[in-house]
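In this document, chain identifiers A, B, C, D, E, F, G and H correspond to the written order of the chains, with residue numbering beginning at 1 in each.
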Amino acid sequence: MSNRSTEPDRGQEVRIEGARQVASSRADLQVSEDHHLCPGCGHPVAWRILLEVIQELSLAQRAIGVVGHGCYTNIVRMADIDFLQCLHGRAPAVATGVKRVQPQAAVFTLQGDGDMASEGLAEVLHAAARAEKITAIMLNNGVFGDTGGQMTAASVVGQRTKTSLEGRSPELHGYPVPVAELVASLPGAAYVARSAVNTAGGVAQTKRYLKRAFETQTSGAGFSLVEVLTMCPTGWFVPTAAGPGYLSDSMQPTYPTGPLKDSLRPA
Amino acid sequence: MSNRSTEPDRGQEVRIEGARQVASSRADLQVSEDHHLCPGCGHPVAWRILLEVIQELSLAQRAIGVVGHGCYTNIVRMADIDFLQCLHGRAPAVATGVKRVQPQAAVFTLQGDGDMASEGLAEVLHAAARAEKITAIMLNNGVFGDTGGQMTAASVVGQRTKTSLEGRSPELHGYPVPVAELVASLPGAAYVARSAVNTAGGVAQTKRYLKRAFETQTSGAGFSLVEVLTMCPTGWFVPTAAGPGYLSDSMQPTYPTGPLKDSLRPA
Amino acid sequence: MSPTVVSRGTVTIDVERCKGCELCIPACPPGVLHMSSEVNRTGYRYPRLSPGCTGCQACHAVCPDYVFEVYKYDRPQLTEVSPGPVPAVGGAE
Amino acid sequence: MSPTVVSRGTVTIDVERCKGCELCIPACPPGVLHMSSEVNRTGYRYPRLSPGCTGCQACHAVCPDYVFEVYKYDRPQLTEVSPGPVPAVGGAE
Amino acid sequence: MQIEVLLTGIGGQGVQLCAKALAMAATADGRQAMLSARYGGEMRGGQTEASVVVADTGLRSLPILPSAGSAYVMHHQYWPPVRARLRSGAPVVLNTTVIGPPEDLDGASEFLTVGIPATAMAAEAGAPMAAGFVLLGAYASLTSVASIDSIVAAMTELVPAYRREHIQANEAAIRAGAAAIEAGAADLWVMAGR
Amino acid sequence: MQIEVLLTGIGGQGVQLCAKALAMAATADGRQAMLSARYGGEMRGGQTEASVVVADTGLRSLPILPSAGSAYVMHHQYWPPVRARLRSGAPVVLNTTVIGPPEDLDGASEFLTVGIPATAMAAEAGAPMAAGFVLLGAYASLTSVASIDSIVAAMTELVPAYRREHIQANEAAIRAGAAAIEAGAADLWVMAGR
Amino acid sequence: MTAALLQGSRAIADSAIAAGCRFFAGYPMLPFTDLLEAMSAKMPEVGGTCINADSEIEAVNMALGAGAAGARAATGSCGQGIALMQEAIAEAALNEVPMVVFNMARGQQDYWQATRGGGWGDYRTLTLAPKDVAEAVVHTQLLFHLADTYRAPVCLYGDYLVAHTHMSVDVAPIDFGPLPDKSWALDGTAGGTGHARQIWTWAMGRDDAPGPGPDVHWRRLAQKFATMGEAEARHESYRCGDAEWVVVSFGTAGPFIDYVVEELRADGQRVGSFRPVTLWPFPEAALLEAAGRARGVLVYEVNAGQMIDDVRLALRGQVPATFIGGVSIDSSGMRQGDLLTVAAIRSRVLDAIGVGAGERR
Amino acid sequence: MTAALLQGSRAIADSAIAAGCRFFAGYPMLPFTDLLEAMSAKMPEVGGTCINADSEIEAVNMALGAGAAGARAATGSCGQGIALMQEAIAEAALNEVPMVVFNMARGQQDYWQATRGGGWGDYRTLTLAPKDVAEAVVHTQLLFHLADTYRAPVCLYGDYLVAHTHMSVDVAPIDFGPLPDKSWALDGTAGGTGHARQIWTWAMGRDDAPGPGPDVHWRRLAQKFATMGEAEARHESYRCGDAEWVVVSFGTAGPFIDYVVEELRADGQRVGSFRPVTLWPFPEAALLEAAGRARGVLVYEVNAGQMIDDVRLALRGQVPATFIGGVSIDSSGMRQGDLLTVAAIRSRVLDAIGVGAGERR
């Protein structure tokens, strides 16, 4: 075994005698494999399948991403699609402006739980209520990862964060805000689903949901949201290898995965 | 019949031979009957029963109201309880600060639909999620009354407003935001109900709900919300006498009245 | 023959405060309120009371301008009414 | 006697990009990935492949650092393994 | 040649609508107009005031008039600030149903006051809420700032769709007000300053 | 008497923790300390740099040092700006597992470089991620800025509850680094300027 | 086109649409509300979008998105609402997104808000303060032009008198000349080409990824704003040539000062009027030119004294500046109070130039 | 108490608690985040409340509510977050609610945001800019005192170097003397007495209902801020007595200037350093006193030139002011870049005072 070159130069493809490549380290719309995210972070996994979905739905030259503030913002550095970085929490409003002006485009937001459930809760709910034809994606890791692991509106009960040192207490801090459920309850929302990237199966499920969300948008059916549970071992203060288990044990009981609403599905 | 004095001087009580007074024009905590609200406005009706409830629950010397921006703000001029006027939409956050510092007080917000469903949607949902021990009251007339009748997040489909001249269209403007239902879906909310003041029965119902909401607060059970549907003939562009009917025909199908959640009720 | 109407209660109507919205009219269960044809100083018509008030407080409950005070008679009052246009009565001087 | 292991696929592992998170290890259904004891230039241990890869792409799916490329062999490859410590193999030079 | 009118009343009397109808009618009659309104923002009721300036050509004016050449008074409550800016001898039409006889109005003697029982006349015309239009008809007829027909047309345009049923009554009110004034006031234009 | 140390490395090497342990240990030893850290804000990885100033009494210093009297180098990537501020002859401890032999470091000859295979030694001590502590032990032993026991105590206090299991390995790393340095460097204090 | 009697807000809406504005989002707040209503009535006629947003923050961010996607986009509010928009206005400045912000202020107390912002970082917002409805019509179109010229957010500082006064005005498109192209705007078509368009302070455009980083980018912006500061200052002066006293005012106060100046000139007082038409950039050179030889400058603004800083900075200590304005709000809270009247101004000017009560007409 | 090695944020938290702060709400944003974390760790120990709010807007409004209810309350953020708080800071000023805002800025680019606000209306925010952690500890306590003295929101302008530097400091309560009582604070007990307490710009207190109305109220506030402006200006100067050149800087840049001044004095250059300790009120008189006889004033700030306006206003054209600062941001975007180093400052000062490269040490 040898170390393959880390040069992000796609000319130097590796060829293996008697085998064909079935998965490449770099998605089509990816210009680099390097990023500064922490070991074991779930965001980059979500990034790649997002880019794959855009490619597979032939939306590469119609896609405009609007990205909030969080660790995931760095997707802008590695993706080869139009991106607008906007203010923390405001992506659904910004995306509304973009979509109304470029109605043929596939407009999506990429946000975190801090971004969407805390700072930007009004923006996402109002956009959903308006039945805005955009796709909102929330990478929910239950903390403000980027600022070092404080409690967000999505942190689960009992979760220890830098601002809930004894664990999130219902008495002091209340309960988490289930964004997907709230959005799904609004008539303007046409497609809502929640998935997780802590297992290979979850990754595949996430990809299916993202596809469906973009299809909802391009069909004009209304607002779509996919909430993706991702690992943040840094903000959870657990070893990287414990991330997937923490996600399923601590987060999933509060945030069950699966489709919540699908207006495209023939009745 | 003669015109009774309009002097707001309580010394000059009217006495009727062989009769006892059962309802006074001025509630105990009211310092004036005069206000500048429009003919047929539903807000003043809600104001009075709110003051009656505070009086009847012996909360007069424990109550602190936090009032947003809207026509209802003028309650401050006619009520004899502690009030803080705050910024548009922010009352639940302000009330949180008040309550945490004065935990013995009965802290409530008084807001409109523009205030709570539009500008302040995040604030009310976050306060509810935090299980903040306050009572939020939304006077929902489906428009920004104070600025002259524009569309709020709560305007119903088809409603003509100054910014939806052809009627609220799902395609262009989306659907109304049902604040009570959203709040009720959060575990931090202990009591949620919706009523209307377009009939005498509705007024009595509103009073019961408000009582229950304050009891929820004083018992420490969590966040409570009462959404009160009120008439705004000015913002609806209908004759005053048509207000109650407009409310029941146009608003109530979208906003059914009744209790939505009651954690105090013995299971 | 003039029929007799029973009034178990009565109301005072602060007509100068009234803004003429007419919400009290349909709210009154026995239908004993009707709008004046005169206007008050601000130019609004206002309700007048015919005999038959029950003291139920519905008008008081719905009036946005705090116009009403409601009284219950210790003993029901009887009024003879002529079959013509209903005369207006006010509970208090 | 050395048992024979069938590999239907293989992977390349860009060890310098690996951040040692170990997410790929439990994700691999046949359990043919295990962490090295050496570290790369940044100081992280990284996965090594033992024979038996199925080319299922699970490692690729879960790896946050885009370390893997996955290949399917046209014909399954057979490897004899000794019962001792599992030798590491890498698909590509 | 230019004339200014200050309109005053309390919220709900329709003063703003009348001011707008006047300015629009003057424009329709081929003049230039400027209309400035002052009314409570986020509160109902209370002071309402407007000023309209009409000129044959080359209107030049401030939106808050330093002085004015005529007035339209629906209610006495906010009359004092109007009076302070009125040039002496200016014609003033006033709603006597609410205000009482012209003499009751403070300092009325400085001006050419014309009392109109506008609220009462409106009630008679079957449109109790159209008192403002009665006074407007009277004002226009007195000053010839705009023609009665143009005022009726402007009112018709301004009334929102859901109040269309009031148009006829409003028109009756305007014409009743106009009829209440016997003579025009052609010499008024001479009095007007900048 | 005052000495400054610049610590540099890349994100994830634990440089900030080491800097803090050093400053705390010096404080525990009765000295005054000032610690300034510089690390990426809302991004992971990348440059990490810290400076610690220790004085016997009356510490006076800027949080961004104009110059420094010693250095601790875990990675060569951000070495150039450190080098630019180091006074010549200053002692520099460096992690040779990552950097290679001291000579490989640009401009090393200006300084008193001390190479330590910190990453390798940490791996041997069964704590591959504790390389920073190896280098810290070496630095402290070389310069006597703080006692090894105080450093171990500071590290123990700093490690968060959920990482308690690493304390022993970290201690081993610190002591291994210290042991790798034969002699103290008493004369270092003489070289230090403001 | 011939002149029609239009309310200022409606005239501005017509003018914005004539300038090609096709996206507007706002949230009601008096006296801005009428502009929102006018826009929502008119936009559908030209196939544009007007959103009655659910907050000022949503409104301004929608406009930012529309601007980034290439449209001529605008928003607006006043006072508190503009305060809520500061974060996004600064963002637009730093991410170089053109948009127009119509601030229909509740008076003149927000001069600093307009000229120093309350956003973050080193940015400036070009701000035009029209004196009346007719000028607002021209300013509106000029603002869209300047926004595109500089790829920057720009503002109109109007007020109740601009928003609510009806005037006979003629709204027709005005040609301000050529503009740089908008190939930077996001339309989604560049994905997968290796040259995706990206707007982020740290990575403007895929081509130079990972982007210039904040230091280089913000230095470049500082340079851009310095250039705008040099190039775009505008003013109006009236009878300053031989004036012993120059009264400086802004926005709708200007015509009142002109009126008083005319009156006082008739009385033999050598008084002039100077009005910055751009609040930023403040016309420093022009003011020094107009007032450099005067005995004194009087600053009239209906607030506690804000613009006076800019006046003093422009005068460089060469001419003394005296404040003759003050706080004055009417009972509705929507507009200037009684200090904005010819009589009050006249008497403050006379006081300041030392004409005793006895000497006055 | 003896000195302990504390991170600046932790030292400020301890100091706030020592001053009696019992309510804090904030939202993470570097470099403010550490203060929020320190507060959330320490508040429970004293029975106070620290809320990790869900936005800056919620945080500041919570603090406003707590302040109105009588607590010593605080919040904080930086840059964009402070921008979002402007509306509420202005509200607190206008409704006279005391609270402390800890602005841990990402550098010096927010001087105008701090001194001119971006809120609405005529208000000012007293702002202390500490030079280091030790001074921040004192300023923190002073701020709570001043907030209560004036019933007004007040700010600390810190930065990364204040928030993140660890220093040996001693945090103990400081007594600043007596304060007006807080009987105006809302506790709910006054209902039904005819004297309910009410806080609203238009109706402060039931007693004088319907209240003074905006005109009277805002004039009174303007007067209050004028009084504060007179009374509360603070500064520090170093070797200005005989200085030919005075360098003006603020906050954490001050010690760097002092260092350079010391170096240059050793080289025989007559240079001095002046630092406004309050950004508002700017110590105008003190600066004129310190620099009035100098050949020139050099303004060093790490931005495109903001404080220089205040310096020029203070100097009244009597001494020329030269800008020697500039935009400089490090790659993290969190703090000043390489311009904030002794070497860079020294060379800019020497350039400005005309010492050629050849003459330099």
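One rule holds for everything that comes next: a residue touches a chain if its C-beta (ideal position, glycine included) is under 8 Å from a C-beta of that chain, and two chains touch if they have at least 3 such contacts.
None of the values given here were measured: they were computed from a predicted structure.
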Between A-H and A-D, name the chain pair that shares the greater number of C-beta pairs in contact.
A-D
Taking each chain's centre as the mean of its CA atoms, chain C sits from chain F at a distance in Å of 90
Chain centre separation (chain E, chain H; CA means) in Å:
55
Determine the centre-to-centre distance between chain B and chain C, using the mean Cα coordinates as centres, and give it in whole Å.
28
Hey, what residues on chain B touch two or more of the other chains?
37-39, 41, 87, 118, 121-122, 126, 147, 153, 173
Find every residue in chain G that makes contact with two or more other chains and list them.
30, 54-55, 80, 87, 91, 202, 330-331, 333
Pairs of chains in contact here are A-B, A-D, A-F, A-G, A-H, B-C, B-E, B-G, B-H, C-E, D-F, E-G, F-H, G-H
Report the residues of chain G in contact with chain B in the complex, numbered from low to high.
27-30, 33, 36-37, 40-41, 50, 52, 54-56, 80
Chain B residues touching chain E - in the complex, by the definition given at the top
36-39, 41, 69, 71, 73-74, 146-147, 234, 237-238
Contact set on chain C toward chain B in their complex
9-10, 12-17, 19-23, 25-27, 40, 44, 48-49, 55-58, 60-75, 88-93
With touch defined as at the start, can you tell me which chain A residues reach chain B in the complex?
118, 120-122, 125-126, 129-132, 153, 170-171, 173-178, 181-182, 185-188
The answer for chain G against chain H in the complex is residues 78-80, 82-84, 86-87, 90-91, 106, 109-110, 112-113, 115-122, 202, 213-215, 218-219, 222, 225-226, 303-304, 306, 309, 312-313, 315-318, 326-331, 333, 337
